[in-house]
Amino acid sequence: MSLIEIKNLHKEYENAVPLKDVSVNIEAGEVISIIGPSGTGKSTFMRCINRLETPTSGEIWVDGVNVCDPQTDLPEVRKKMGMVFQSFNLFPHKTVAENIMMPQQQLLGVSTKEAYEEAMVQLAKVGMEAKARNYPKELSGGQKQRVAIARALAMHPKIVLFDEPTSALDPSMVSEVLSVISNLAKTGLTMLIVTHEMRLARDVSSRIFFMDEGGIYEDGTPEQIFEHPEKERTKNFIYRIRSWEYVVTKDADMFEMMASLEAFCQQQFMGRKASNNCQLAVEEMVTGFILPALKKNPEKSVELRVDAGEEGKEVSLVVDARSLLGTGFSIEEKEGDLSTVLINKLLKRQPDKEPGVLYFTYT
Amino acid sequence: MKNKRRLMGLLMVILCTLLFVIPAYAKEAESDGSGEPEFASPDEMGGATVGLLTGMPFEDMISQRIPDIGGFAYFASMPDEVLALKARKIDAIFINNALIDFAAAHNPDLVKMDDHYLDSNFGFAFPKGDPQRDVWGAIIDRMKEDGTIDELWVKWMESDDPNKSVPEQDWPGNAGTVRVACADSFEPMSYYGENGEMMGFDVEILLNVAKELDLKVEFTPMEFGALMPTIQSGKADVAIGDIVITDERAEIVDFAPYAPAYFTMLIRNSGAETVEDKSFLQNFKDSFERTFITEDRYKMILQGLGMTALVALSSAAIGLALAYGLIFLRRANKPFTNRLISGYNALIAGIPAAVILMLLYYIVFASAKFSAVVVAIVGFALIYCSRAYGIIWNAVSAVDEGQREAALALGYTESLAFRKVILPQSESYYTPLLFSQFILLLKETSVAGYITVLDLTRAGDLIRSRTMEAFFPLISVAVIYFFLTFLMTRIARKIDVSFKDKYYNHKIKGVDE
Amino acid sequence: MKNKRRLMGLLMVILCTLLFVIPAYAKEAESDGSGEPEFASPDEMGGATVGLLTGMPFEDMISQRIPDIGGFAYFASMPDEVLALKARKIDAIFINNALIDFAAAHNPDLVKMDDHYLDSNFGFAFPKGDPQRDVWGAIIDRMKEDGTIDELWVKWMESDDPNKSVPEQDWPGNAGTVRVACADSFEPMSYYGENGEMMGFDVEILLNVAKELDLKVEFTPMEFGALMPTIQSGKADVAIGDIVITDERAEIVDFAPYAPAYFTMLIRNSGAETVEDKSFLQNFKDSFERTFITEDRYKMILQGLGMTALVALSSAAIGLALAYGLIFLRRANKPFTNRLISGYNALIAGIPAAVILMLLYYIVFASAKFSAVVVAIVGFALIYCSRAYGIIWNAVSAVDEGQREAALALGYTESLAFRKVILPQSESYYTPLLFSQFILLLKETSVAGYITVLDLTRAGDLIRSRTMEAFFPLISVAVIYFFLTFLMTRIARKIDVSFKDKYYNHKIKGVDE
Amino acid sequence: MSLIEIKNLHKEYENAVPLKDVSVNIEAGEVISIIGPSGTGKSTFMRCINRLETPTSGEIWVDGVNVCDPQTDLPEVRKKMGMVFQSFNLFPHKTVAENIMMPQQQLLGVSTKEAYEEAMVQLAKVGMEAKARNYPKELSGGQKQRVAIARALAMHPKIVLFDEPTSALDPSMVSEVLSVISNLAKTGLTMLIVTHEMRLARDVSSRIFFMDEGGIYEDGTPEQIFEHPEKERTKNFIYRIRSWEYVVTKDADMFEMMASLEAFCQQQFMGRKASNNCQLAVEEMVTGFILPALKKNPEKSVELRVDAGEEGKEVSLVVDARSLLGTGFSIEEKEGDLSTVLINKLLKRQPDKEPGVLYFTYT
């Protein structure tokens, strides 16, 4: 029997049905990342497993016990399942060590001394021994999350559930928590991780659930999901992660657009040159050609997309100006035009993908 | 730096207080100078309001003398009248000279008008035709001649000796016993003293006479109105107590006159000569003595303070316990109890404390034989409970839902999570609020007087009616309340700090201690 | 959904109110059944407390009859005594049969004890030896025989007709005028009616006699104690008003007896047969009528409500204006005024409202001839000012210092920055708080009764003492307060919403409108 | 006469003297960046110029008026000096347009219509016309700052003062504000900008004040300051901007250290490979050699420094283990050791700079 068996799990809210008939088995030792667009029931799925949400119907067997049965001793089952929340939820009135000792003492009946020793062991695992006597409010976000992980581990759970453990963190603190989780993955613990961090999904997990349409839409190894996604929706989702898209209208906020492109380039490790060229080309394109054309055709819009390949190589820019087809829009208009020259210097023009869709690359 | 600022703050408060004090005394102080009676003669009293004791039928007479009189106001006792006069609620008191002299002697800013009405005498009343009248009359005449009576008049009217007393009955009393009916509330003529013995000018004269006759005296104090009937019915041998001899009275009893009596007006004066020599400090000292020392009145204030503390503390304790009960009920989250709780809170919030107390006293506990104090405690407990519940519930609700979920996910049961995780977190928020709510409660108990609880405010009230002076009792009460709340606020701050120390001491419980 | 919840909330409040109402009436309802007088005979009254009117000298007699009596309590009037008896503060009232019959007839849960004391008659008093006594006596005897007097007794003692009245003096009065001294507050024997005319059993008998004699009657109402002296001094021809003929009284006046009189005890009973036919609803209706309809008492409640509204609204308005003044003073940030302001706030915060009112009434404005209402308004204005100042200042201080700096950097002057940038931002925070503080003030005005302001609470008090019944007046007052605050809370919410609408409407002032 | 003349400006606080005798002239049209370590009086200097702080002594002449003179009509002078704050300080109860119109109407007596037109012109400059009817709380940080700039400009100031205009912003919003400021710099407006953004200082300004030691420590063109700083302190400051430093003690928080190194690499556009190699090498070095050595010598510490050259090239790692000299610490200990092999594969070992200071590069 698998460690977790989910049969026909169904969950309805008043005006949403995030889970429609989900069935899946999870084996001991698996590290599962759950990814998918927002609002597709990832958190709901996770919270059903330890019964923080009550499923509408279906069965969830955890370590041989059906948690959906009203007779089940829920606290007992929950002790086998650690949970790490997006917002840490440390107990603010207790020191770090007490946060970890308290549940052991009150729920497992462990003595103060043993609880303390266990706490220090777990704190060492996440590199937080030095902060044992601090209060949560004295810690950075990353440190808080690491303590939360230690607290869950101190109960010696068979399974640990993570619900977006890094999304409440400052960008500069994400890495330290990811390191802790990936270290943990190597210890053979069963883990379910809801995340938007593709680094985590790809590098740490042994299996990925892509959730959409009220269930587990695609289920496979990281390689399968990231390199060869089978279904269209999965492709779109994975693809967008490495793309920057922007719809330019006549009122477009240039400053914000350029800033978001810059942030994308930086995040994709594109290298300064590729990134600079790309940004300048887009700016030139928009101010030199697209906005003037849109001023004349105020109800139209143009879609821009920048795709970044692995390691910041294979950068490409796609300008989807199909809606301007027939308005005389063209970037070749005046051959000697400074803008055109500049763009062609920055990026390499490729044959149009289809009429009205321009295509550039940087190598 | 900080201490200096605190000191300055306190000084400021004292200064504010002096803003009240100075005018009150400055008025008396300045009155030593050039002031004059407000009305030189009755002719000037057009529009003035005259105070009378209830039942005294002088309206017609006064209206004839002062046709454009403003109106009459009726009072139950002389002290009330004097307070009203000083507070300018009325402009004159019409009453007999003994009471007027006494009031004027003890209130430098009041003065007797020169006009006399109904000139007559004070007299001891004897049954019609009683030969004793002549025996007593002779002795009294002798006392008039040798100045004893004048001496006594001064003693009782004007002296400020707080230990005024009448002679002990140390004579053998071989001639028997004389039964004396005496009015019980006509200071300085005949009134109950501090220890329940009869005091006053009339009483002392009577004792002097009785001594000469070697008679033991047996006093029966009563209302003034009962004096004549008692004599007529033979229940007493003599009646005394501020009795002015009038024709009507003389028809039904015989009198032995002992002092001249007449009626006149007591009016305000901004410059009574008699107090020219009284300094500001002296005034202050006298008021102080009258308010606190005389009759051990400070004990009343202390008792009132104790009552206030008792009511506030007990009701806070009971209310807090109830509030915790409600919190646990509310956690159960049953629609019915939830609505009951919010109904209760809406009721308490919507009705003034005074009305709540009366509802309890006259309706809810009407048939239970609880004392007013118990009812007050119950009432304020209900009020405090409602507010404490609101505060605690707010604090508990403000604790992030994530805390509950985290505890549940660790394996806590709902109730353990509440007791071990949620409540302790909110404690440091709600405790200071509960304390400041307690301070409000302390002040609010001042309405307990509505249901006859003798608390601090009411004690001040009573002293005020005894001393005929509002200033000192009121100020003392105010000052006590002020320092109580001041002290409580200090304690609240200490608690706040100690909470922080307790919670954020960077120690691991059970390991570092 | 939301409306449904509101409805449920209101229902809950009503239910809570019924929790008060039902027991109060259930008590009366259940009394129709099997109850018995609390004491069957005086022998059972050990430890009981007996109420007496002040000045009635019956203590000895009662003590002889009931040696282990618990004690005596003294009251100024019969209604007070009855309230105390019903509220179990005392266990019996000792008084004459007329008053007892009246009280028992109107209070189903009170019953007269069988023992008689001092058997005698009620009588009209005439001057000693006055031949009129016999003339009147003859007519009265005839009225006794033909049952007129018994009829009148029932009419005045037991009938519930609220429009009881005495006959008009429509006879010519050729035989002259008779001057009648009558007691003014002895319902049902002789008392002031609603319109100031004399009413009662004694009065109607007297008028009947006067009609037969063709005499006009001129009433002089007075205190009971003044009746005998008035007759004796010849100021009146007849005295009436609950006069029990006693040997002592008969010695000084002559009586024409008209009804049997005796003294006895009024005690509680849980089952007075006389009301067996009165249903719960009937009881309710009667109480309602007595409280609101009789003597147009609802007008008193309305006036009290008006007074409460007047005091609350005026003091809030004045207090708010003062508070803005203080805010501007505080902005100037002079050390001296700052300390003055905080001293003022500390004082107001440290002293109960009732004490503040009394301080103002008896001391600060003692010499200014302000009415109590004005003093109350000033007092509550000071209180509201202090709190409003605190609220506004907090809101203003909560505005980020950066806002001020930004305004200054743009070229605003300090005061312009405050008026145009800082104050408007804090407005939406402090306005709802000011409003809820106003609701608190509204409730707090209930202590204005301490300085004789006739507000809502006090109006309820007065009606209570008139109807000898606490339930209805108190509940009405409580309900009115409750709905007032309920209404205000609603309005406060509306204001909150309209503020948001006003501020966040996505329009540019002057451009889009 | 210069637009701003500062003579012997001195400012004391109760326990700090941020400005000791500063004298400097600023000409019309200059764009001045003020950089320097924290707490060296940059903000104080700026705030003295428009008298939000009162100088202890000295004179500040702005456009011919001495603002330190108590007689001066300060509001008048301030109208000539726009100021943009770190925390924007928009008026939250007014729409964006009203924020800009209000001061014009109340201080310049402009009509509502004119004020509105001016507001729209300025909003267009910062790309915010579309948000004219929104409230500040409905805007992102970057947008708020752009509105704040428009509000300052609408008063037609001769000078605009910026006090760290981007440091309260999310990293993803910094760029849009920087773009606005650099556009503004091209219009010839006189600007003083306190900033920690070296991009801004280097690319936008015509002159840089480096503040330290209670005054303007070094004053020059961006080239002088960034490429050839003369004074030691300036060098240290500029240098550190492109370095990552970490002091490893026996209790070091490994997770946090690695996360901060990762963030540094990302910020310097180092490219994924360089960044990965560098991080792995550091991790290997610390866990394999340094921490074991520190465990034995608990009171010692080792300093790490990573320098990044232009464009992410010329990455070098310096390990300052001088304190461990003589304890037998050496990374060559066992030749065949996996860690040593790994490190040498990731980075190229260079000759030690001095005994105990190891030196690696990546190319």
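Here the chain labels run A, B, C and D in written order, and each chain numbers its own residues starting at 1.
The rule is simple: contacts are C-beta pairs under 8 Å (C-beta built on N, C-alpha and C of every residue); 3 or more make two chains touch, one makes a residue touch a chain.
Keep in mind the model is a prediction, meaning the values are calculated, not measured.
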{"item": "Chains in simultaneous contact with chain A and chain D", "value": "none"}
{"item": "Centroid-based (C-alpha) most distant chain relative to chain B", "value": "A"}
{"item": "Chain centre separation (chain C, chain D; CA means) in Å", "value": "75"}
{"item": "Inter-centroid spacing, chain C versus chain A (mean Cα positions, whole Å)", "value": "72"}
{"item": "Centre-to-centre distance between chain C and chain B (centres being mean Cα positions), rounded to whole Å", "value": "21"}
{"item": "Residues of chain B touching at least two other chains", "value": "none"}
{"item": "Multi-chain contact residues (two or more partners), chain D", "value": "none"}
{"item": "Pairwise touch network: line, ring, star, complete, or other", "value": "ring"}
{"item": "Parts of chain A lying in touch with chain D, wherever the complex brings them together", "value": "126-130, 140, 142-143, 146, 171-177, 179-180, 251, 253-256, 258-260, 262-263, 266-267, 269-273, 275, 311-312"}
{"item": "Sites on chain D touched by chain C in the complex", "value": "50, 52, 75-76, 78-79, 81-83, 85, 87, 89-93, 95, 97-98, 101-103, 106-107, 112-113, 116, 132-135, 151-152, 155"}
{"item": "Sites on chain B touched by chain C in the complex", "value": "8-9, 12-13, 15-17, 20, 23-24, 27, 54-55, 57, 83, 86-89, 222-223, 225-226, 228-230, 232-235, 246-249, 251-252, 339-340, 342-344, 346-347, 349-356, 358-359, 361-364, 366-369, 443-447, 449-450, 457, 460-461, 464, 470-471, 474-475, 477-478, 481-486"}
{"item": "Residue numbers on chain B that touch chain A, as the complex places them", "value": "400, 402-403, 405-413, 416, 420-421, 424-425, 428, 503-504, 506-512"}
